[in-house]
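Since the structure comes first, as structure tokens, the remarks are kept for the end.
Order of writing sets the labels: A, B, C and D. Residues in every chain begin at 1.
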Amino acid sequence: MKFAFTDEQQMLRDTSQAFLANKSTSVAVRQACSSPERHDTALWQSICEEMYWQGILIPEHVDGLGLGWVEMAIVLEAAGERLLTSPLFAVAQSTAALVGCPASEMRDLLLSSMAAGKVMSLAMGNQSVGWDSVGVTASETSTTTVLSGEARFVPFGFAAAKLLVVARDASNALTLWVVDPQQDGVFVEPTPTMDQTRPMATVRFEQAAVTSDQLLASHADELVSDTLALSRILTVADQVGVAQASLDISVDYAKERSQFDRTIASFQAIKHKAADMMLKVESARSLLYYAACTVDAWLAGEVDRAALHEAAFMASACASDAAFFNAGSGIQMHGGVGITEEYDIQLYFKRARATESYLGRPSEMREAIAYQLLEGDVA
Amino acid sequence: MKLTFTAADEQFREEVADWLNDNLRDEFADIRYRGGPGDEHRFVDERKAWERRLADGRWTCIGWPETWGGRAASIEQQVIFHEEYARAGGPGRMGHIGDTLTGPTLLAFGSEQQKAKYLPPIRDGVAFWSQGYSEPGAGSDLAAIRTKAVQDETSGQWKITGQKVWTSLAHESDFVFVLARVDRDSSRHHGLGFFLVALDQPGVTIRPITQLTGTAEFNEVYFDDAVCDAEDIVGAPGDGWKVAMGLLGFERGVSTLGQQMLFQTELDEIIRIAKSNGASRDPDIRQRIAEAHIGLKTMRYNSMRMLSGGEDGSLSREAMIYKLYWSSWHRNLGKLAMDVLGPEAELIESGPYELNKLQSLFLFTRADTIYGGTNQIQRNLIAERALGMPKEPRGPGK
Amino acid sequence: MKFAFTDEQQMLRDTSQAFLANKSTSVAVRQACSSPERHDTALWQSICEEMYWQGILIPEHVDGLGLGWVEMAIVLEAAGERLLTSPLFAVAQSTAALVGCPASEMRDLLLSSMAAGKVMSLAMGNQSVGWDSVGVTASETSTTTVLSGEARFVPFGFAAAKLLVVARDASNALTLWVVDPQQDGVFVEPTPTMDQTRPMATVRFEQAAVTSDQLLASHADELVSDTLALSRILTVADQVGVAQASLDISVDYAKERSQFDRTIASFQAIKHKAADMMLKVESARSLLYYAACTVDAWLAGEVDRAALHEAAFMASACASDAAFFNAGSGIQMHGGVGITEEYDIQLYFKRARATESYLGRPSEMREAIAYQLLEGDVA
Amino acid sequence: MKLTFTAADEQFREEVADWLNDNLRDEFADIRYRGGPGDEHRFVDERKAWERRLADGRWTCIGWPETWGGRAASIEQQVIFHEEYARAGGPGRMGHIGDTLTGPTLLAFGSEQQKAKYLPPIRDGVAFWSQGYSEPGAGSDLAAIRTKAVQDETSGQWKITGQKVWTSLAHESDFVFVLARVDRDSSRHHGLGFFLVALDQPGVTIRPITQLTGTAEFNEVYFDDAVCDAEDIVGAPGDGWKVAMGLLGFERGVSTLGQQMLFQTELDEIIRIAKSNGASRDPDIRQRIAEAHIGLKTMRYNSMRMLSGGEDGSLSREAMIYKLYWSSWHRNLGKLAMDVLGPEAELIESGPYELNKLQSLFLFTRADTIYGGTNQIQRNLIAERALGMPKEPRGPGK
């Protein structure tokens, strides 16, 4: 029992923060968002080549680092702190899904291709009808299988070399496919969103033919459900970073800003808000690292799925609240300048809002916990 | 204590509704429901034309005395006008500041000359005003203003130098009233003057401030020896604070009821969406919709109390809570709108910053708890003025 | 349209407050609660003889004052402010129920008897299974009608000369009866509660025979539902008083108490809490008087039942929140002494808690409003 | 970073569980789950006897060094002990203050003589301690202490005069540690001494304070020339503040995990009731039960971080939020208990003040956010110490 970073983890944290402080500056983030690629491709390259973050969750035998979820959380938290605009989340999510698939040549090929820096995105749900719905079907024709329907909010889908697609088959079971975004019947479009730092795409399938070697997993309901839980935990890491940075920049601003002959940081109204913000982010951080440890334990067979899902629900409820509260309170602490384009706090605010509802709102997470507690099942 | 209106009032209501029905159409059809909070920068020319149409019908400045072209409308009539205006989808009033702030201020503190010069163009819907209070270093601490006004000893003309900020729609306005320091050795709320300044002059530079929405309703206004004639200072030099505070008092009047009608439109839209997309089945959403509904009713009856009482002009308890209440309510409404929309909330029409109405609502309402006195300042004021709690010690922390 | 007190109403408010400031002191309330009668019978007598508050809602033709609900609210608010321990609520509630009954000799007899100072209590629900349930049945035997079952949380039931009893008949419709607490088969017991200032009783019926002249109303479902709404509004008046007094005594204490060389009333944390308390109580007050006006308008046929119920739901949600928040925050503002028996704030806190759940919690009131808004019916 | 225990630790867990199973029975069966928060005044004699039984098994003071009869238990072992103790329904510890506050304080700051005199009776479960910090005028502002200690020049004996308040279970204790002013010209945290004082002496009067529950766990303790021998001051005269602050640091240790196990018992009971009375179908209750569950887990992992890190002894961020977190959480739990009970919540067994466990929880948790530093003070501390925000200016408001 040791709920503190190892020396290696501490070092990973320090180097991640230092790297991003240098590369993902306020100016750089704005440039990345408004560039045609919607991110800084050179930065992604240097992440892949110098930091190798894309390989954290990828097993060593397919050229990854084979590290654990605590390491992944450390890096994504640092990414959130600096509003990093990059396919890191998309790649981590795709890795999580692939690692859960039955072993296959295709799976390993995809993993090692990601380890080499290829972007992949998971096309999971159709969030216009709910965050855990699936809008793509896989139907058998006389000659082949075709995918039809739409997946929305596919992270960095427009930049993906391959798309992992969740589809419902004729027997109503979920299946997971890999498709090439260039192939016939696949249409990928960037989806402009309020938060520009985590760009999304809509992927539409019009009778897109797939072959059996593109099938990564059938009867994948548990896999998809678990991947959703894992995706929440990845998002939580981002939210903890956003919550922390919102606190930090707001306290810094409050220390600079004078009104009534005092820095506003000396007013109890400001101090107590900041204290509440710290309480929120530290709590979310505790649940993040608990959840990360739980994933590692689940992968090692030490705890069951219920523990994994509970950890994800709890961490998501807490971190979503923390990020939104801290970014919103941060705007208030900034006063008038908080709502100007010039200051960064509004960027954190938009990112906090986007992630808060991305895979279910806090009240939905709490209801899922209540269901576990009161009806005694995994939701 | 009675909440129903008299027959005469109801007849007035009919008159207003009929006129709006006859006029808010044809060339004005497109601006119905437009130009409200978060949408203030849209359809500016059309809304200025609409002000002239209102003026033709004697529907500008209805609270002003008849001498100055008003209707000397009773509180009840003003309430009714605002309700019907909002119900009809009347656009955000370009003449709002002139009608409800400049006008009452000049009527209370202005010289006869100032009234004669400035009131008629406001009444006729041809002169538009903005306000110049806040400065970069004087936000919550308004008395810290540093903009200075120096009087030319021979001409009597004032030269104003400094910077104002958060000046709403300054680039679309003709005039600004400016609070500036006339006595360079003065501090805080002493030694200030209240100036009526034309914006279209070489000494004034207006720079838009881009907001988190990508739009720019607010401005920074730079004064560099901007000219203000001797007769365009309201009250004596040194009386500026008194005038400015009187003006702030006018902000909490019957127009709150018009504001609430806009809020009702927003809430109705959110309820409509919730019913259509199934969000209305979510217990959390249901609680919050009910809370929003109750809050809006609460504001209504807070306003009714405020308007029915306090004849002595002092700010009553229910008036003091008004800003804090509506700003928090509106901010919560913005969040509710997003949660009702669900994942759709993120989607914007095309490129960055083409936000839809509810997204603008969500983002802009973060400003509601800041401008016009932050929630923190409001709570200070309530505690000190209504509850008699002591001010804090001044001076730097350690 | 005039949403301010008339001169007469203002005078009623002033005299009520002055009377109770004198009679319902901190010491007097404590004595009343611990007396065998659970209230100060002499005080009740002087209320009935000097103030005539029991007659406010009773029509003039049956010896009442025939005033309106605004007047009733004014007096009950003053009662809440002073923690008045008296059957006033019970009498007002019984009056509200009786006024809604079809005209009958018995009804008028009961009303004029209340006007003369007799206490009556409404035995409405069985709150152990929900605040709007009815636990008494009226069943026909071959010879007579008998009441069976239990009604709980009957205000001042132990002191009532007559009990008004809601019972469900064989056709599943509600009926309203008057019974004598002394009659066979009726058992009244005081129910000790945490809040001792609003004492309650449990009334049990064991085959208590009733005759047709005891029947005040049949097919009384709407009457009972409306009486519930009216009871909520009466409770709201009490809550507004509790919320106001909690604010006042806490601000007074904060002005007296020094820490760190300052009165604690000068700290923003305290000031802002007080400001929030004021916002809550003023808002609840606005909705209280809106609701009171709505009752008057409803009685005059100017608005429909939906408006009455909506007003009651809204005011109850808001005032329950205000009373509990203010009393709870008041304890916090008092610091250590706030939780001692000696100070009054804890009495307000207990009264606030008791009334908060008495006829439905705020979340239940909000759900009822949501139902009206989203499903478009009166609940 | 790893959350599982080693095999050796798991074996230790078994040992603890077995011992408790063997001993928490027969004459101690009745005190299982008793004497917790809000119930501290019950079964005092039985719980004192239980302390002696614990001592026989070497289960008192397990964190102390073996020299003083402890087990020098690792953090993991202490965590395990607290978990198993709570799981077994171990009663509220009468020896808590001696074990976790007096002991560590004397081990860190005490003389050898003091250790020899005071530690063994604590270790053996025969001496019970209470704390004398707060005064009527020194609550949140602890440094405003006015109790004074005067040293007799010849005997060296100290005479203590003043009043302490909120002294938990003083009437059931043998000793109290008292923070008192040794230098009458000193102010604030200077010139204080930290005294070990016997309660059974003529100069000490203990008066119970009746709480809102009708019970009296807390006391006022009056010192009127109460005697304290020269060798019973901890540290030098004038070092009292340093000692006292060190002691406060010990409050946030592994015992937090034991506290959480008690909280879990309370939450489990609430969940059980909600399931049985149908409250579990209420969406608002469901949200709050989930929130309580998440909050408890949050505290657990906050504690785990706190216990795993900060080897340098400085109070880490997660330690600083602990009091604010648990007190607010517990207060909310009390309210949740009432709402789950529904109307039943009001009912008490018989006459006034025979409260059931959940009612006591509800009422007593209002104290949680006050004693040991109010939530307001906690937020000040967090802002100043963790976030480096400035202190407020001192002096009276105006």
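Heads up, the rule we're going with is that contacts are C-beta pairs under 8 Å (C-beta built on N, C-alpha and C of every residue); 3 or more make two chains touch, one makes a residue touch a chain.
Everything numeric in this text was worked out from a predicted model, so none of it was measured.
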Chain whose average C-alpha position is farthest from chain C's own: A
Pair joined by the larger number of C-beta contacts - A-D, A-B: A-D
Gap in Å, rounded to a whole number, between the CA centres of chain C and chain B: 41
Intercentroid distance (Cα basis), chain D paired with chain B, Å: 53
Chain B, residues touching no fewer than two other chains: 283-284, 287, 376, 379, 390-397
Numbers and ranges of chain C residues touching at least 2 other chains: 262-263, 265-270, 272, 363
Touching residues (chain side chain B, partner chain C) in the complex: 1-6, 9, 76, 79, 271, 274-275, 280, 283, 286-287, 289-291, 293-294, 297-298, 301-302, 304-305, 307-309, 317-318, 320-321, 324-325, 376, 378-380, 382-384, 386-393
Chain B partner contacts - residues on chain D that touch it in the complex: 283-284, 287, 390-398
Residue ranges of chain C touching chain D (in the complex, touch as defined): 33-34, 127-128, 130-131, 152-153, 191-196, 200, 258-267, 269-270, 328, 331-332, 335-336, 338-342, 346, 349-350, 353-354, 357-358, 361, 363
Chain D residues within the chain C interface of the complex: 134, 137, 139-141, 144, 165-166, 209-212, 214, 282-284, 338-339, 342-352, 354-355, 359, 362-364, 366-367, 369-371, 374-376, 379, 392, 394-397
Contact set on chain A toward chain D in their complex: 1-6, 9, 70, 247, 251, 254-255, 262-263, 265-268, 270-272, 274-276, 278-279, 282-283, 286-287, 289-290, 292-294, 297, 302, 314, 317-318, 363, 365-370, 373-374
